[in-house]
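Below is a structure I'd like to ask you about.
For clarity, chains are labelled A, B, C and D in written order, and residue numbers in each chain start from 1.
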Amino acid sequence: MDTVDALISAQGSLDILTLEEAQLLQKSSNSELYHLFRQCCLAVLNCGNDEDDISRLLARNEPFDVEIVCQPRGALLQLYNAPSSAFVNDEMILGIKESLFAVLRDIVYIHNHLLEPSNKNLKSSEITNLIFEILRHAQALIPRRHPKITVCWGGHSINPVEYKYTKKVGYELGLRGHDICTGCGPGAMKGPMKGAHIAHAKQRCQDFRYIGISEPGIIAAESPNPMVNELIIMPDIEKRLEAFVRLGHAFVVFPGGVGTAEEILYLLGILLHPRNTHIKMPLIFTGPKESADYFAQIDNFIAETLGNQAQQLYDIIIDDASKVASQAYKATQEVAIQRQDMDDAFHFNWQLHIDEDFQQPFVPTHANMANLCLSKNQSPDKMAANLRKAMSGIVAGNVKQFGIQQVRQHGPYRLTADADLIDKLEKLLHSFIEQQRMKLPSDKTYEPCYLVQGH
Amino acid sequence: MDTVDALISAQGSLDILTLEEAQLLQKSSNSELYHLFRQCCLAVLNCGNDEDDISRLLARNEPFDVEIVCQPRGALLQLYNAPSSAFVNDEMILGIKESLFAVLRDIVYIHNHLLEPSNKNLKSSEITNLIFEILRHAQALIPRRHPKITVCWGGHSINPVEYKYTKKVGYELGLRGHDICTGCGPGAMKGPMKGAHIAHAKQRCQDFRYIGISEPGIIAAESPNPMVNELIIMPDIEKRLEAFVRLGHAFVVFPGGVGTAEEILYLLGILLHPRNTHIKMPLIFTGPKESADYFAQIDNFIAETLGNQAQQLYDIIIDDASKVASQAYKATQEVAIQRQDMDDAFHFNWQLHIDEDFQQPFVPTHANMANLCLSKNQSPDKMAANLRKAMSGIVAGNVKQFGIQQVRQHGPYRLTADADLIDKLEKLLHSFIEQQRMKLPSDKTYEPCYLVQGH
Amino acid sequence: MDTVDALISAQGSLDILTLEEAQLLQKSSNSELYHLFRQCCLAVLNCGNDEDDISRLLARNEPFDVEIVCQPRGALLQLYNAPSSAFVNDEMILGIKESLFAVLRDIVYIHNHLLEPSNKNLKSSEITNLIFEILRHAQALIPRRHPKITVCWGGHSINPVEYKYTKKVGYELGLRGHDICTGCGPGAMKGPMKGAHIAHAKQRCQDFRYIGISEPGIIAAESPNPMVNELIIMPDIEKRLEAFVRLGHAFVVFPGGVGTAEEILYLLGILLHPRNTHIKMPLIFTGPKESADYFAQIDNFIAETLGNQAQQLYDIIIDDASKVASQAYKATQEVAIQRQDMDDAFHFNWQLHIDEDFQQPFVPTHANMANLCLSKNQSPDKMAANLRKAMSGIVAGNVKQFGIQQVRQHGPYRLTADADLIDKLEKLLHSFIEQQRMKLPSDKTYEPCYLVQGH
Amino acid sequence: MDTVDALISAQGSLDILTLEEAQLLQKSSNSELYHLFRQCCLAVLNCGNDEDDISRLLARNEPFDVEIVCQPRGALLQLYNAPSSAFVNDEMILGIKESLFAVLRDIVYIHNHLLEPSNKNLKSSEITNLIFEILRHAQALIPRRHPKITVCWGGHSINPVEYKYTKKVGYELGLRGHDICTGCGPGAMKGPMKGAHIAHAKQRCQDFRYIGISEPGIIAAESPNPMVNELIIMPDIEKRLEAFVRLGHAFVVFPGGVGTAEEILYLLGILLHPRNTHIKMPLIFTGPKESADYFAQIDNFIAETLGNQAQQLYDIIIDDASKVASQAYKATQEVAIQRQDMDDAFHFNWQLHIDEDFQQPFVPTHANMANLCLSKNQSPDKMAANLRKAMSGIVAGNVKQFGIQQVRQHGPYRLTADADLIDKLEKLLHSFIEQQRMKLPSDKTYEPCYLVQGH
């Protein structure tokens, strides 16, 4: 692989670390934090080289190294063996550079403010406060900006027809002035931004936001596209999901795999909570006409697991990008009115109640996975919470380093479910495999990291 | 067709016409000027609906009408039966609106300042002054901006592989900070802007220029893409071509048909003039690997008609977008140095000598076409001038209203050429037909509007 | 005097003259135009050195010279023996540089477009169109900007108490967001801008406009303060006055001399015209408490010459800057509503009718002055028109080169008035002399350039 | 006094407090913090009403109250009985509003981050880190901005001649592009900003910085001028002084009283430290010609107490504003070079060593004042440190609430000095009294809050 060494000075005001803060990330001072930082940097630098096989990525980039050069005038980053694709004319592409320093900013902040002992066992409202503070520190909270953040969810591994459709939806959203927020990887996380950007040009809109929200565990597998002009690293997947729903004003879901299922279950679980029934959160499932079956299946799974009430919470629109966008547009106007009526902020959805069960980090050990209650004897929102965790664990087993290691050591995760549920779950997951949504297509055949079994 | 009526008030400062100027464009006061204005408006409003069959376009939009509503506070445009595709949420797409008023600006200016009797028979230097004044009035001359305008030429009717490649080249140019200037229609005129725009986002570049230069005769067939953020209407094709070469710092040619051949011959003809041999004007022919033969043929045609010296004036780069861009980048650095050394402006290439033969409008009547000297008994630059006119006439016969009428009345144009040349010319033109470069593919078979014959 | 030589390149886009235009201003090509240009440059460069004795100024700056250096890349100005006060750290103060190029812009434009033979004998509406075109070319017409231009008139020669008060009024206007427009010389033309600028800082207003409108005949005696960020040179005093009333939304008059009297008579004369009686033009006379008598006298003179109706057109507010500003603020809100109701522009008062008698240049020869009809046997607006001319002539005799020469050759101007009027006029003019409002105080005693006599 | 009630929503992004943070400042939750906040608000709102008699100010504003209204969409401030001078057209002057929220920002930040137990006993480098963090949080550290912050020190109580001169120096600094940083009260803290602002307008400079650094103890007596566009509240006088010297690139001292003496002694004490001798910190004492004696006396006092070496650290320039500015300009160019050579930041002077003795808060109790070692038996930098504390105590006794209370309870502070020093100190202080520099002139005679006595 073509690589270069480079000494990078920061953009904007991000470089004004104290000397202490810069020390933090030295290889020698804190190898764990350093390791995390190196890995995030690598992901950012590899953007465009779509790849979700983390071990390959890491192996290929083994000689890569990053070092913080402490200087009173601000931290410099010394890169060794960085992928040359991040550079043009010997200059780092500006969007990549900004993302690099966003990573630096968030990792230092999270370390300084959140990982203190007093922050170890947080309660629900404290977690929400943390999320607010991280977003505020990342300057992602813009008071009084009209609600127009559309969160786009969907798979990183989608086919060309689906990808083209995500661009079209992004385009139509862009024509209507919407900002785009995604998980910032490839596929359905990239397409809407590209489409929106062409539309924003036509509308002469220059203050567009392309917000990418990631987390250390997934960033390597979902390297942030440099079109993202606001990259935010949340501490874990649960806080990442909460950031999405606190920031977003409308939600559009494209076809995807277990990650997308996790996102759907997360949001439905929250919206099903009795304290949230009055809150407007427009949610649209959409895809090209080839995806009609896909969404029928998802819809069916939701009906059978969470019930009819859950089905009322979303619309399915097939092959009509302009309708998706105009519905999202109209809905966000209503969100604006509701926020004003409730004296809630535009920039952070304080009113939304999120149960601690959706907030506390779920660590996908084999024990935790095995203990998930996948039974119909629970309220729909509890069911959603547990299914969400199951999906989260499978994502980890597929593409996250921790999960992959667990599975390598102990074999596939074993989920225990009601007889009734087993079948539905297996069918859904199996369809993801068949449609190559679990991982990006490669020469290796996908090996499931899970088993679903009865009690 | 879906249409709407709308009353449009202007963007920017373009709306401050005097009452007199606004009167000019009333249907009643000057039917010719009004007609021209209506047609240009229509073209702008139809952007995106790629179509080069002017009669169809006009027929379909027959009920369309535009009226200038004079008000002291500025002119308003009242549109009747305008294509609804130009609107989103009942608002005109901003880029289209800007283009509409750019048309208004240029038509009024050209009328006021250039069509006076004293401007009827202009000499060479006066023509260049006119071009300067139109560009200055359109605020297209930006002093001291570093040379980085890349003019991209190529067909409006190209295949998907070629189109994708033009986007890739645009992307690589954008990464290097280049502005894009094209004829502002579809195909090779749109692709580079789209590609560049994605790259500009990644480089956080917000002052990019996407310059579209058109002329009344062609605009209907090459409706300006609203990504164009500077639309300029020149009075005729010769002034349009001169505007390209006075503004541009590097020239990239993609595959195309007779229009592209006209552009190539125009530029080569000028560069072959003894007074221009020292001037740096980087010129690159490029396309995907499937275009290799195409450019071999063009190269061959040039060699045989203009000679080896002409071949020295360009590079052919096949299937290497990044090389095209980095060569263009390096070359514009040298252009910058040369301009400074010669005390020439960055914003207007005053030094370039253009023979009057390339400047005086060529009207494609049958007589003028028949009289063209297509013989080897002339200097290469004269040969280029005459071949350029021949190509220009064929473009008119294909897609311009005047040419189409002439051909309908008098049959195909008859070009008379040296025996030697006939064959080469026919082969070239024939290949354009075969590759569907003459017109956008449609259900009608292309009927040649020309005949090449011996003396 | 301390002087420097300097080669100045232009700011903004003003430097893109054609080679032809640059030639225009060469000493050799048109000595009259060159002379005018040199004199305006000198005035701009001398800003701050308050002085209204033109011959002294010219004598002192005799060695000063300016030359346009023609280069394709734009015109440069070569200055010889320029006052060093215009430079800091060897760089010209930016505001002065902008003013220099504004002078260049307007002189070239006026020459190119207005001094053609066809523009020699203009009718009323044509004159208004010209004014519109000059202002548009100077980019002084900003569509849709909320009405807030306050024109401040008053003497260039005022005492420190009055000067301080003009700053206070400017400050209060600035707090309310008003733009300031003056004749751009010292005294009452400078104070309001300084005051407003401090207030604009406190209000964090950064798009303030400090518009200075001058004319070639007076600019030498009223050198533009570099706080003026939009300097406009109109062709003569009548067009300058019309520019004020077409641009302004509210009018504040401070104490002054004959120039101020001219302005008051001009505006009252127009407002008295039957076609203008419905138009809102807020007009306030104001000064510190020491000026109470002064305005009583003016008020009295108006009553006796133009009648009670004229007195209804203004308010006199003594020593209450905040009241002046809040009244101006409220009045401009009403102007905004009226403009909208009448479909008139915010940026140009098209509705205002101005009689040709107020528009045609009045040349202060002795014959013209002697022929002025200063008799009560005329309508108030005619009376205002003639008194305005008389004042205009006296201004010329005091500080304009043409007038001074006339008076030097032929002795004082002789005005012929009704017995009744003689006394009033003399008293008024005499009070201006006593209060040192005719010229800036100097070691020379003021010698009247006029005589008022009976029929 | 004229007062109004008003509900104020925030400017910029300052309003996005967490609900917790907003709670902090409720009257009920923390009366001490609330009290501090109320007092700072009052100071900000009273800007312009120059007054340093805190008890009067407080008495007059007794009915004033401020309440934070917690709303999810951001904190609002409800003001009761606020001085109406802060409003125009029922809207708060924007600069005052910004200052209000700057106060809010800093008080919350200081509370949250600095007043934790772990921050109670900070060591030298920790204090510097704190200062860096407060300034960073206030966005006052702007990396890579060219060094041009001129710190202007001098009295709040100066005479009109001196005040006019501070404006002139500010004007000349502004012409050279300098930013101004002061203690943000009246007198010498306001004049330079006003002057600079006029010059910045002439130089078309719009990104000027007028930085005001205050602290809770003094802010009531030195209400921040709303021209200050960056208001920063440091926790105490020592941190405020350190902020000045870490941020500033050049230092200009105008005539003043004990506060100014404190500032001079602070800076000289630091510069005399052996570790700082190589650091460039341009320091100029200046005033109108009437101040010549004043500075001779200061110079003499320095010579006699700190020695000749200290005299080498500053220049005295009398009555030459332009020389002051051009010397400051040249010196900051050298500072820029030195910072680059030493790899130090432009935005924070990390290299400067500050002894803990200058950093630890000095609390002006009678015991602490009495214990100060004012003897010649110490190194010049120690002597400076102790004299600085003495001056600081007297400032407190004059205008700070804490000091005034101490003196009211225990009588004047008693300073014990070497026989030799007594005389010099008394003479200096006495001259401050005579020249009315201790407090703003009022109807009360100044009563010294100190006694100087021998051992």
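Please note the rule applied: a contact is a pair of C-beta atoms (placed from the backbone, for glycine too) under 8 Å apart; a residue touches a chain by one contact, two chains touch by 3 or more.
Everything numeric here is computed off the predicted structure, so don't read it as measured data.
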(request) Chains touching chain A and chain B alike, please list them. (result) none
(request) Could you give the separation in Å between the centres of chain B and chain D, each centre being the mean of its C-alpha atoms? (result) 63
(request) Return the distance between the CA-based centres of chain B and chain C, expressed in whole Å. (result) 47
(message) Using Cα averages as centroids, what's the distance between chain C and chain D in whole Å?
(response) 44
(request) Specify, in ascending order, the residues of chain C that touch 2 or more different other chains. (result) none
(message) Which label fits the chain touch graph of this model best, line, ring, star, complete or other?
(response) ring
(request) Flag every residue of chain B that touches chain C in the complex, lowest number first. (result) 10, 13, 15-16, 18-20, 71-74, 129, 132-133, 136, 139, 141-143, 339, 343-348, 350-351
(request) Would you mind writing out the residues of chain C in touch with chain D in their complex? (result) 88-89, 93-96, 98, 175-176, 194, 197-198, 201-206, 210, 226-227, 229, 326, 329
